[in-house]
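In this document, chain identifiers A, B, C and D correspond to the written order of the chains, with residue numbering beginning at 1 in each.
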């Protein structure tokens, strides 16, 4: 039941805002309240509701096709829903005073996107999954194009086409799987029952993987990402990079790995090479960026690369780390975007060359930024540390014979991440104040509130990450059970 | 006389019609060529109906007036053709009123 | 059956009505009422309720599939009249006559969907085509309209010739015109039969504008008055597709291996030409003409694959495609310039219209939660069972179609309009459009609404 | 468990609290309060450390697990502290010196605005917290947390004056170089986790002692792990090749240099290796490598120190050189000697730095010793304490430096006579450059500006008292490890540490020891004499030949810049300006554009001429029919 609530609350909000246009005050307040409600629902789920009935919902739908409206919140769904609700709450809280044109439509689209993404996270039926997959894409398309910069229309169109192209291949894969199922159903359970030969797994693997690789994005499918992140309005970028990319990771964890374990092993080396190449590549590029948003965008590509590598490390340490990282990366990058937005709005520029010396007049902002940036490079006692620790350990423990190469690449990425992050901090905050940064940047109360919330999450889960681990332990356990190479080859 | 002769004759007529459509530029002549194609078909139908009549007689299976429907069809074609003629000529006349020509090569405002 | 007669009668009535009724609105209302009646009695026929019993000597057979097709056609016709009926006045003074012709076409369509003898097929196609020639040329002073009419007429009658030759061969092979499966070994493999199959394939491909027999389509659709383009691009086309499917999947099912490869080839060519050419168009009207070719490529998959999926898919396709296209054309009618620029900034002036157009475009592009997606889904699913690569080609082409459908969205939402000419629609128009759009969405969420008719 | 152990959690917690109070209340706290809180908390943890130390001295030790840090299927890492001889000794060093330096800082930083004053103390407290975490950690992960924590704090403190881009640059350099080492450390931890399934010291060591050299933990594993750990250590403890950050780190406030870059943080690597001695004792190759690297570092740094003119740079290189000595000891397996020298050098290096701080303070920020001289008159206390520091580091009996360095030399002698010779020579160099420094700074005539001369004054008590205390410690600090040759079983340190690091195995005849001691002591005396003669009245001369090479620090920085820095920059430029836009993105766009291009071309098929339409259709039909009836048949 809770799953349905999570979908309905934003849906109602979105339709309401679409019909009843309000001013910014009204729209932001309404969506803030809604996001708070869904956050509360999520908390209730965490603390009170644990029974299967509460965590799943199934209704007949498109039965003639063999599909059904079935949602379930497993470990993966839980942590991602938690991320989504939290991130939306924080974003809306931050946006109380961030004026934007046509606010009602803006917030409505955001809420609609939330519906889509939550649906993707919770869907247990492949066709339903595909439905939500596209449903999440359309609002993003409108948000990015309509509230974006000068080039946003073409850039966003590229993003849309690229993603859509990937997803149609996935659709073919889904249809093929459905035709292979015994009961001609799209349900994940019945798909899991299929016995696929390794050849079938191979091409199906790629059909699915391309879709997710583009969404993530994995090198070399990443070129849409920096442009889109740069051109979109920063709140949109925040949602894109904090939550939407997780759709790709989820795709890997819920669909690719369990359904095509043998192919995942066969192609593991290739994919991991792509992933770690992406880490190094993106880090190198990040070192060169002068645009704050582009810099963060490339750093995000590097993080995604690590996650992808972890997903194909095929061992439980990596899975566990990845699952935690899903949440922590979302929170940290959200913080980064919020800060980038504040800086851009208050100083009127994003280029780190014309910034500098902010620390002198705005120490609070500096402290927030430094903490979040350091969390972003996974310093111990910040939330990202445990995730990356386990991920990295998992990559080193991968069954592949090239584990050392991957480890070296990841390590290089870790060092480079320090390089570009410190470079950014130095260029933006240290040194003598420039003309743009000569006056103090005052943070509104709710902005401070949101940032404090984020920092709190960072420190709390940095010191005791165990709650996150417990939340997802079962999932990682049986995911490992489904993809454990040794047992697989013992079976076949 | 075996059916093949009729067959070849009809196909020949039809092909002449097609070639005419391909080669001529005057709308009316093209239209006449199309009529020629239709008549080739009529001829063929009649021939076939006769053929089927003979076959039925040979095998002596009691069929209610065999081959008759072929000839019926011919009349329908004539009717339809007549209707087409009326509409077609009207269109050509209308065109002539506007551009004072029935040369189809003048018709290329709509392209690409 | 009922609908066939009644629509013919209505045609005659409307033709005469202009003598007695001077007010166009009454005629319009009469037409709408007639449509309602048609729809009702067509539904009634589902339960075998017939206006009058008569011996068709097996030349017509209205099975459920045909009836559902007719119902869809009628519904589309209804929305068509609702949205762009009043726009016919722009074309010329003979409002009633246009309506009458449309109803005659309807009668022809019912013959086509329900044919059981090739004679009826032929007559139906003629009954459809001849009024269409007239409507295409109905804008007499407009040279484009004339040109379109002549092209349509010449090429159309040329294809009729092909059709007839095919029928003649068919007759030669079988000795009758019955569109039934013939298991007679002398027939099945005979070269007359094969020639007949191919010729009919060509002829039908021409009628539904499948490449490489599509050349007439862009010019005719572009030249004809927009109101009538809308009609022939949607209702006529899907009905002819129903006939196409019926002919090949019932009558020629035994020559399957013969024609299927060719159809596959046609599908690919049609998808490629339709989509790629549409990408570059500047005029929305012409773009829609090419898109209708592209969509024909998808619908042709229903012919290609002989199984239930694709036939159901065709129904969904008929409904969603017709409604969406009618909707876009209906807006197009009211616009000054038919290029994409004409739509610039529409979202600001007419939010409801723009939103509906978005839904139509998404449906045509095959984005989920619209009827268009499910329709494509059925087709691809069916194709996948035969030829994976065909499915892949079609989905890739679906992606290409996004290129031109989304240009519409971009124009309406993201571009500021240079000349701020206010576009005024009739009062009820946006509402009607929105209802149409909602139906398209409903088709995407509850396709059972239509598919259900097939079974219970 | 002893009651004092139950207080152990307070040791790191108190500084953390101090850090939070100072950090959050920086806008409201007065300087007095920030200083009080800052140093008070450290004093508190010092007292508790004393209790713990006493308890440990009675032979008790314990591992206290507080809560699960990470508990995953097949891996359990508790947040645990390990209290034993090694950690408790380091606790004492850190907290005692930390406290003194906090006190010193109150006076040293007094010009700062109250908010940045509080910021300074919160950083400093945070550092003490991380360092204590590092030392207390009961497993490698907790150790690593502290490990990165101290790196972060050194970054923050080096860049404390963030308006000066040079110092922030040095801060970045320090952090990144540390991070390279940290990465190796991290890899070692992973390796251990994957192989032994645990990260806690006791379990890992037991496992390795049980299965060392077997399939479960092969010789390769041992070598790899030990090497990785060592690389990590080189990063933190400024050894070759990762030492260059330390001299630059002197850009930070002087007390910071004293605390972080002299006394505590830089010894983290040594602590880690001493902690892991069980593994190292199985890795002879790594051991000899360590000893050579240590020696090389010591020598290199000493030579560079000969030619530096920035007072803090000299001290920086002297530290690097001392650390080199310690690594030499580690490499020769003399853990006790190593820890002993850590213990002593902590005192006299801190002393020297604070002394230099006092000098700089008096000179109004001037750091170039060529502009000093003859300060002994004005800065008496500073002068004497500084001199004691020099004597101690030079290793003159009976000061602390003598005993510890002697222990190292002895171990080197037993391990590798060649190394002994080099080490001895380096020790003499040490004595030489330290006295060069002393003489240039305090003797001769003043070479600075008149304004500076007028400004000269002895530092306030808050600064001098710590100096005096540290001087005291540098004198007596060595007496806990007096070799049994001199006074029978006076080697308290050895007996105290042996449970953790094992006893000194080798035993040599007293005669040999006597010889060695006299050689080193005499050598040092001679060197001092020479230095005194050479530098008693200094006149600036252009250095030439090999010394010029030394003055430019062997051109190591330039080398790194060309071998590492530039290539990386070029690489990223290449990727950013060529590969990304011209290759990958261009490919993607090309696909999209080709679609539109195709559309543009194909539409000419639609010529608009009926004739061509019919022709095309007929051609299509004819081909199909021909293919059908003549080919497919």
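General remarks:
The working rule: contacts are C-beta pairs under 8 Å (C-beta built on N, C-alpha and C of every residue); 3 or more make two chains touch, one makes a residue touch a chain.
Computed from a predicted structure; not experimentally measured.
Measuring from the average of all protein CA coordinates, the nearest chain centre is that of A.
Put simply, the chain farthest from chain A by mean CA position is B. Centre-to-centre spacing of chain B and chain C amounts to 27 Å, using the average Cα coordinate of each chain.
Chain A and chain D, compared by their mean Cα positions, are separated by 37 Å. Work out the mean CA point of chain A and of chain C, and you get 43 Å between them. Once the centre of each chain is set as its mean CA position, chain A and chain B turn out to be 67 Å apart. Residue numbers of chain A whose C-beta contacts span two or more other chains: 161. Across the assembly, chain B contributes 21, 30, 104, 107, 109-111 as residues in contact with two or more other chains. Under the contact definition stated at the top, the residues of chain C that touch 2 or more other chains are 151, 154, 158, 218-219, 403.
Touching chain pairs in this entry, ordered by label, are A-C, A-D, B-C, B-D, C-D. Residues of chain C touching chain A in their complex: 312, 362, 367-369, 374, 377, 380-381, 384-385, 388, 391-392, 395-396, 398-399, 402-403, 406, 410, 413-415, 447-448, 451. Against chain B, in their complex, chain D makes its touches with residues 603-604, 606-611, 614-615, 618. For chain D in complex with chain A, the residues that touch the partner chain are 67-75, 115, 119, 141, 144-145, 148-149, 152, 155, 159, 162-163, 165, 168-169, 171-172, 175-176, 179-180, 183, 186-187, 190-191, 193-194, 568-569, 571-573, 575-577, 580, 584-585, 588-589, 592. Across the complex, chain C meets chain B through its residues 119, 122-123, 126, 130, 133-134, 137, 140-141, 143-144, 146-151, 153-154, 157-158, 160-161, 164-165, 167-169, 171-172, 175-177, 218-219, 222-223. Residues of chain A that touch chain D in their complex: 158, 161-162, 220, 222-224, 281, 284-285, 287-289, 316-317, 320, 357, 359-360, 363, 374, 379-381, 385-386, 389-390, 392-393, 396-397, 407, 411, 414-415, 418-419, 422-423, 426, 429-432, 464-466, 469, 473, 476-477, 480.
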